[in-house]
Amino acid sequence: MIIIMSPQATEEEIEAVTNEVARIGFRPFTNPGVERKVIAVLGELDVRKADLVEHFQAMPGVARVELISDLWKLASRQYHPENSIVRVRNVEIGGRDVVVAAGPCSVENEAQTIEIACRVKAAGAKMLRGGAFKPRTSPYSFQGLGEEGLKILAKAREETGLPVVTEVMDTHEVDLVCKYADVLQIGTRNMQNYALLKRVGASGRPVLLKRGLGSKIKDLLMSAEYIISEGNHQVILCERGITTFEDATRHTTDINAIPVLKNWTHLPVMLDPSHATGAWQYVGAVAKAAVAAGADGLLIEVHNDPQHAMSDGPQSLRPDKFAELMRQLSRVAQAVDRYI
Amino acid sequence: MIIIMSPQATEEEIEAVTNEVARIGFRPFTNPGVERKVIAVLGELDVRKADLVEHFQAMPGVARVELISDLWKLASRQYHPENSIVRVRNVEIGGRDVVVAAGPCSVENEAQTIEIACRVKAAGAKMLRGGAFKPRTSPYSFQGLGEEGLKILAKAREETGLPVVTEVMDTHEVDLVCKYADVLQIGTRNMQNYALLKRVGASGRPVLLKRGLGSKIKDLLMSAEYIISEGNHQVILCERGITTFEDATRHTTDINAIPVLKNWTHLPVMLDPSHATGAWQYVGAVAKAAVAAGADGLLIEVHNDPQHAMSDGPQSLRPDKFAELMRQLSRVAQAVDRYI
Amino acid sequence: MIIIMSPQATEEEIEAVTNEVARIGFRPFTNPGVERKVIAVLGELDVRKADLVEHFQAMPGVARVELISDLWKLASRQYHPENSIVRVRNVEIGGRDVVVAAGPCSVENEAQTIEIACRVKAAGAKMLRGGAFKPRTSPYSFQGLGEEGLKILAKAREETGLPVVTEVMDTHEVDLVCKYADVLQIGTRNMQNYALLKRVGASGRPVLLKRGLGSKIKDLLMSAEYIISEGNHQVILCERGITTFEDATRHTTDINAIPVLKNWTHLPVMLDPSHATGAWQYVGAVAKAAVAAGADGLLIEVHNDPQHAMSDGPQSLRPDKFAELMRQLSRVAQAVDRYI
Amino acid sequence: MIIIMSPQATEEEIEAVTNEVARIGFRPFTNPGVERKVIAVLGELDVRKADLVEHFQAMPGVARVELISDLWKLASRQYHPENSIVRVRNVEIGGRDVVVAAGPCSVENEAQTIEIACRVKAAGAKMLRGGAFKPRTSPYSFQGLGEEGLKILAKAREETGLPVVTEVMDTHEVDLVCKYADVLQIGTRNMQNYALLKRVGASGRPVLLKRGLGSKIKDLLMSAEYIISEGNHQVILCERGITTFEDATRHTTDINAIPVLKNWTHLPVMLDPSHATGAWQYVGAVAKAAVAAGADGLLIEVHNDPQHAMSDGPQSLRPDKFAELMRQLSRVAQAVDRYI
């Protein structure tokens, strides 16, 4: 339920409504990014719905009260009809520009990372992606460089000015990752790690939330709701392929998810064609499809030596292929009135 | 296995090789659409492979012998490296142009069909789609007008010049449908109805083969192989959504299938965003994605009165929305060096 | 909608109701297997429901009128609350006994087929399964012996007394298969081949309907409805594994489908652990699970020389392993008050 | 790779081998539960395999060296051919007995919990399950009583003697949960929360690892490997339904997973029919199927007032239904030479 205050509502009236929400057992929530004075009433309303609408309608300063039928509330377009824009340093995600974040799967060493960062920047990427903490299926695989990797990413940012997106895998590591990263990535395996979602919600740092391999679109939005309801509305959603019976590609890109998400939520939506296909040969076609379908950004793996990459080599593009793809993407973006 | 004859090979040498293939128990196959003199050796080669290569290599007029590692042979790019073009009257599918086939899910009556046909033609569609024999999940749902529907489609072709694509559901109906239709559509539920595949293969008429809801890409190609191995190489493949756990849309568009198919086969590939999403709101985004990803064509449901359509109303576009989409698609097509 | 006539209803009253159903545009259907005089009203009732109930309620001889909320009508437990029993010669499927049909995937020759038939009979199988027309993914794989295979199956029946279950793949083969087979099997790829469903419905022969790999349980019931609505209520449903992301086994046995089907329909339910696992090692465990879950029968592949079988060798049990499994199954059956 | 020492190997020889493993960059691992002196060599062996086998073969005291072809090593039956038994107080999981853990989805209050605990104990349950920390899709749903819930569970254990299984959701809660619980449950959403897996691995407490909704069987084993490689071999695997296109039930029970897991790993395997079906009506059939298929245990939700349960009411059995099911399960267990 959301309570929309009239433009003339006084601070006292707003406070009175907020207090009343809390008094009767719900959580009041005011979105700092929203112009209109809107108070969200969070919690399970159940059978009391109709009564509550009437109750708040009658309070001074209240313009109107609306129920949000979606299960997600703060993430819903019903609550926030305009597109949300997430700002990461000088980059805006969710606006006119399609933002491409590119970089290696794992940070392997400083020279490599800086070289790749320079190459992707030159090609038009606006953010640098790279893993320092790597969630690997096998405990015997390379697990990432940890803090050393974060330092290298920060160095690469210094050199290139590109904001850094990197994964955080556990509540314990959130503070550490926040020291170096601009965007906290929640990986597909942690999409429903609720303790972690709450913790990054409390961090106030922009979050890139990747869809779980076996998760429905609505579950993705419920996970976003965990983050936003902690007061952090800077959430970017990311489709990265789901698990299906088809084995020609590593995962199945759910391209339908782009228009569905743009319909159901105001949050920006990115797509990761590298993980969604698992094969560099198919990255270009799916990246173009994503832009044509309305994605606000892309997450693309680029490596200068894919055959010797410590992880995900087969799905990484070489810098020159990436540059060529960026030129193609720019044309597709223009065809849908966007810009890369 | 394919046997490539030298350009100087005589008719007698070609015949000798062909006869030898048959003599040792395999099926010789010559693709009429292929310039080079190539003889495909069809059947399960098993352990005899190496011997057979040597055996044919030694015959007069043979340039070289190649094994085709794909399970599909005649449908493989290894067998036919260039794109195949399927010609339907004056329309070419698989060439530079992206071909849009549009029309109602079911043919309901003459006036409606002709009106829709005129509208979609005016908007730039190059073929008319419409169902006369309808595969419906329930025996109590409208099953299509049958031959009367076919006649209406033929009438609409007369009026507009648009070639007609329509479904055939059983071997018994193939001759009848061939009397009226330009392209025989094999629906998703019949993708592995092998008797029907062989029968449309024998018909010589262009075939639009839709992927089964639970079928892998390689199964789609094996079904195409059934048709081609009957001597009919005019096969158009069609992605139309697969069945997954995601229920936000009726099916999940497998956009990865576009570049995978373009890689694995020389056959043209279309996509049906209407069935793949099940909701008209999402048809536009997915149609644009398909063109950007490299699809050779689209199959789109258009109805002048979706709310009263006898089938699939919720996924049908009104003619004006369709015209608007065609303008957008034309821009996306140009961005990938294609034309609508 | 079903109209239940009072026990005292006269033939004239029943006829009057039947005629009225037809007059107003629906299809009247009387189940010959049902004691009570019940007339099903088939067709899309839409908005007229309430009126129709009242209309028929008022006719002489009508005891009561009930709406069937399931999409399937004649297959619904609402229409026929007791279990249906399908009789195949002296075998009853759907009663107290759990019926095992066993045999080779493909009929390869007479000697082999008769040997296997004798072995499975000795072990307790009650029906013989074997394919003469084989739906193969590749056109180059062994396609079955055709009519010769049917003759061999009939010969094996003569020798052993076991009724024969075999697949029919196309409408034009139905008459031929009926000459030799006791039960017509509709394979997974043809579950929604509606022309074929209607044709086997019209044949009056018992039908074993296998679930499609990508088909929901409700679609299976709708396909059964196609058969029953042609007047053939002798339908046995068969779960045989669905297509999922799990690739440790060829398919995923949907064991939930057993209790769901027993809840939703009166039709007998079998399970095919050979196809559902694709590996003989796992057939036993899943066969026992099926019996424990309430299946009315099993379809098991048995071959005397699996390594040289012309199809499906890896999932076939040797006769001695099968005999051992039958002893184990018998114990599980008793534990759930059934009998093998 | 595993190095099997000869029975006569001295402590010094064992130490020398262990040190050598470490010296050349791998992780030596000795399974405390294994009689034979076996040293596992953990890490990515890559191309050095053959050399390493020879190298260790030549060391004094080494009986033989074996490569483990499975991706999982310590969890593999190749490493540990006998069934592992996990001991939880006086309960053995993985032995002759089929162990049933039962209880409410969420701990709601002391009276309810103790009542249910007494009822399930009386019916034959050997462990008490119940959630204090609840992973809920919505941030606005009841999140569990937290430590208070743990205290109630401990109290219920005191009353009944039943060991307690309860979920832990985050690394920072592990110590707290260990204070009260006998078995740490890793929920489906955290199956690949590697930080948590390592942490419970280090805790030394028995772990019940539930399969992720979209996770393959091999991913489940890799997650088990994370726990075992931290030195904790007391891992119980739990199938709880996977996500598929079928929507007749909340999830699809992968019954094939039971024999596959028993084949691939020595770890005990349980099944949770409550979550795997999502409907109490189907719990009994699937529970019986699991026992027949060879499961070592079951996890069943029981609630004294399902309609007012704070979570998962629709899938909870009433205590009397549970008691009836236990009697049936006992018969099925005996039919497969097990005992409940």
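Going in written order, the chains are labelled A, B, C and D, and every chain counts its residues from 1.
By definition in this document, a contact is a pair of C-beta atoms (placed from the backbone, for glycine too) under 8 Å apart; a residue touches a chain by one contact, two chains touch by 3 or more.
These numbers were taken from a predicted model, which means no experiment stands behind them.
The greatest centre-to-centre distance from chain D, using averaged C-alpha positions, is reached by B. For the pair chain A and chain D, the distance between mean C-alpha positions equals 33 Å. Per-chain CA centroids place chain C at a distance of 38 Å from chain D. Of all residues in chain B, those touching 2 or more other chains are 214, 242-245, 247, listed in ascending order.
Taken as a contact graph, with one node per protein chain and an edge wherever two chains touch, the assembly is complete, since every chain touches every other chain. Interface residues of chain A facing chain B in the complex, by the touch rule stated above, are 214, 216-218, 242, 244-249, 252-260, 262-263, 276-277, 281-282, 284-286, 288-294, 328, 331-332, 334-336. Within the complex formed with chain D, the chain A residues making contact are 42-44, 71, 73, 135-141, 169-173, 189-196, 198, 212-215, 219, 222, 225-226, 229, 242-243. Those residues of chain B that touch chain D in the shared complex are 214, 243-245, 247.
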